[in-house]
Amino acid sequence: MFVLVNLKAYPCDPVEVATAAADVADDSGVRVAVAPQAAHIDAVSETGVETWAQHVSPNEHGSHTGSTLAEAVADAGAEGTLLNHSENRLKLADIDASLDAAERADLETIVCANNPAQIGAAAALGPDAVAVEPPELIGTGTPVSSADPDIVTAAVDAAARVDGDVDVLCGAGISTGDDLVAASDLGSTGVLLASGVAKADDPRAALEDLVEPLR
Amino acid sequence: MFVLVNLKAYPCDPVEVATAAADVADDSGVRVAVAPQAAHIDAVSETGVETWAQHVSPNEHGSHTGSTLAEAVADAGAEGTLLNHSENRLKLADIDASLDAAERADLETIVCANNPAQIGAAAALGPDAVAVEPPELIGTGTPVSSADPDIVTAAVDAAARVDGDVDVLCGAGISTGDDLVAASDLGSTGVLLASGVAKADDPRAALEDLVEPLR
Amino acid sequence: MFVLVNLKAYPCDPVEVATAAADVADDSGVRVAVAPQAAHIDAVSETGVETWAQHVSPNEHGSHTGSTLAEAVADAGAEGTLLNHSENRLKLADIDASLDAAERADLETIVCANNPAQIGAAAALGPDAVAVEPPELIGTGTPVSSADPDIVTAAVDAAARVDGDVDVLCGAGISTGDDLVAASDLGSTGVLLASGVAKADDPRAALEDLVEPLR
Amino acid sequence: MFVLVNLKAYPCDPVEVATAAADVADDSGVRVAVAPQAAHIDAVSETGVETWAQHVSPNEHGSHTGSTLAEAVADAGAEGTLLNHSENRLKLADIDASLDAAERADLETIVCANNPAQIGAAAALGPDAVAVEPPELIGTGTPVSSADPDIVTAAVDAAARVDGDVDVLCGAGISTGDDLVAASDLGSTGVLLASGVAKADDPRAALEDLVEPLR
């Protein structure tokens, strides 16, 4: 299982979370990555943790003020990028162009989507993975794997119909090791989580609990 | 073949074009529809021509100022709607929600896209049809069917892989009857056209020429 | 006082509300206008009521699919347009260009804004009027004139500092004649209202109550 | 005069340009700052140069994936931020909220705008400075100060009418010391420039030439 911790714009210390994530990944053997603010990628990747961007822009090098250039986040240490998170929905044409940008910069890609139909659409664009995130569950602490398991299996089916090679992640309400196991049982190969770790009093303990069943 | 004339924001007389389109459809037996500005749908549909919206918003009834409610365009006489035209690119989640809105209002749907990958994504959302429009050919008078026939066959293949029932239209640079025949030969079941008719000195003559090979 | 009834995307009968508004305007001598969906402008203006658009796009005639062309809404009978409603926030550059578009089409303009600073900014662009609408009060039935009278006087001041000729309207939570009088006492020359009329069981009675204190 | 070098998404080495800018600022006594990609702020500010962000998002701390949090860019070393650059036009309400975000993070602010009317609107929102950038001159090498000097003086007047304390910068086509002097003569207190330095074969020489008349 792949565990991607999205720090969003939370008021956490990104280096503290990253250091904990790097240690937990080392100790457990579970793949754990952290997606900080673009301006924190440099500092986060210095901890040795696998670092992801939360977004990259669809543009190439050129006259694009305020964009998030894929090459720049890669240069700062990112190895992958989320795209089309429910808090940052993109135009279909821009998801496609951002995937091209990520590929040029050698970034792995996860495209998020709301429901199985959109998961099928996202998979048709050829990302490395897709993540199903029913918007109504984000930030609730209610894991999609128990609140709406059918949506996960339907997402896995929709993705497989379009592209047999694409991974499917679960992306809403995940916070415990049991949620992780449930997500795996439904056919997903990873999870996106955010507040469960980033807003925890003790992010290290939260991550340790999370990966416990996978050790 | 289905011929959809998109009037965009052109300074043409929408009722004159609509009347010509209605007559040409009657005389030739070819299905011809006209997509005017939302504010002209009422007047255009009064001519008896099949009338389409250029866009509908993803929202339902409610507090949405400045939206284009699917139910309102249907009420004014529209029978279908374009979505995600290259001049009006939408978020993936909004294409999905606009398709739901169109279905509630009993509108037929065509989702436009730039290239075969996006055509596959659009088809995965379940519209009635998709239209492939390489942006670089729009408004050029160079038909996609001759400038880049491979993109049309690739789009037909991409759509079929995802949804065997979805129609594929050609949508850029079409202006003559020969273009229409070429589009049909490549596997498409219709065309979107705009300036070739809407900006013609004699829109009726342009439409008659267009459908001539289909009579 | 100017009373503008914004029908948004409500499931009301726009012609019924428009007919009531036309009658109430005639009987009371109060200026009352109705802003329906673009696709309903034609039918609404046929009732004789002063008709407004809820929005116009910043573009001129040309290749702009899915836009709301100022000339098209004027052609269908609109005499004015709202811009930048809190449910349809626009880019600063687009408010400016939409004002140009409205002027070309001879449409009166009201630019909405959240707070006095934005009211000053909107006034600097030279519209006929601005409307202050604290987002947290929209649709609440709590009139801005009583919930936050200071914001209205601050808006009137901010507008006057930038452009002495611009009118200031109150635009959130207005539903009764008393609200109208309070808005007038605070220096505004009109009100935007929506659900108070459009969702009333008897829109005519709601309008009559509203204008009663102005007769 | 304040010289702000916007690196946009250019394929330059941001640290090389930053080092040159820091040296030129030291040698000449002219205030020179560099605005890199968000992911490069950390490395650029390490050179000791005054570092700016190209943009910050309107949001506060919280659940906002893919945003550019003002606190994060400040944390990485930024001392100011551009907003509403013509390549990144913002909603009026978002310029206002991004100014609030910048203030919370103690960032200096420059709001860009197309023309004198929009400059007045931008000034009404209370930034530290505004920058006038006619879009048609950006990247041309034709300085606004010679191509259209009236637009600069009109911008200075428009800003002064609304807020006597706001600085006005010139922001399009500036590349030489003469352009800088011309901009100063028209009443501006700084310049934005980009390709003239970032795409120069020798950025240090370009900066030295630029500040030469100010020594």
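Labels A, B, C and D are assigned to the chains in the order they are written; within every chain, residues are numbered from 1.
Here is the rule we use: a contact is a pair of C-beta atoms (placed from the backbone, for glycine too) under 8 Å apart; a residue touches a chain by one contact, two chains touch by 3 or more.
On a predicted model such as this, the values are computed, not experimentally measured, just so you know.
Shared contact partners of subunit B and subunit C do not exist in this assembly. With rounding to the nearest 5, the Cα superposition of subunit A on subunit B corresponds to a rotation angle of 180 degrees. One finds 36 Å separating the Cα centroids of subunit C and subunit D. Centre-to-centre, using mean CA coordinates, subunit B is 43 Å away from subunit D.
Of all residues in subunit D, those touching 2 or more other chains are 86, listed in ascending order.
Interchain contacts close the chains into one ring where each touches exactly two others, per the touch definition above.
Which chains touch which is summed up as A-B, A-D, B-C, C-D. Contact residues of subunit D toward subunit C in the complex are 84, 86, 89-96, 113-115, 117-118, 120-126, 158, 161-162. For subunit C in complex with subunit B, the touching residues are 6, 8-11, 36-43, 53-55, 57, 59-69, 71-73, 75-76, 78, 82, 85-88, 138-139, 194-195.
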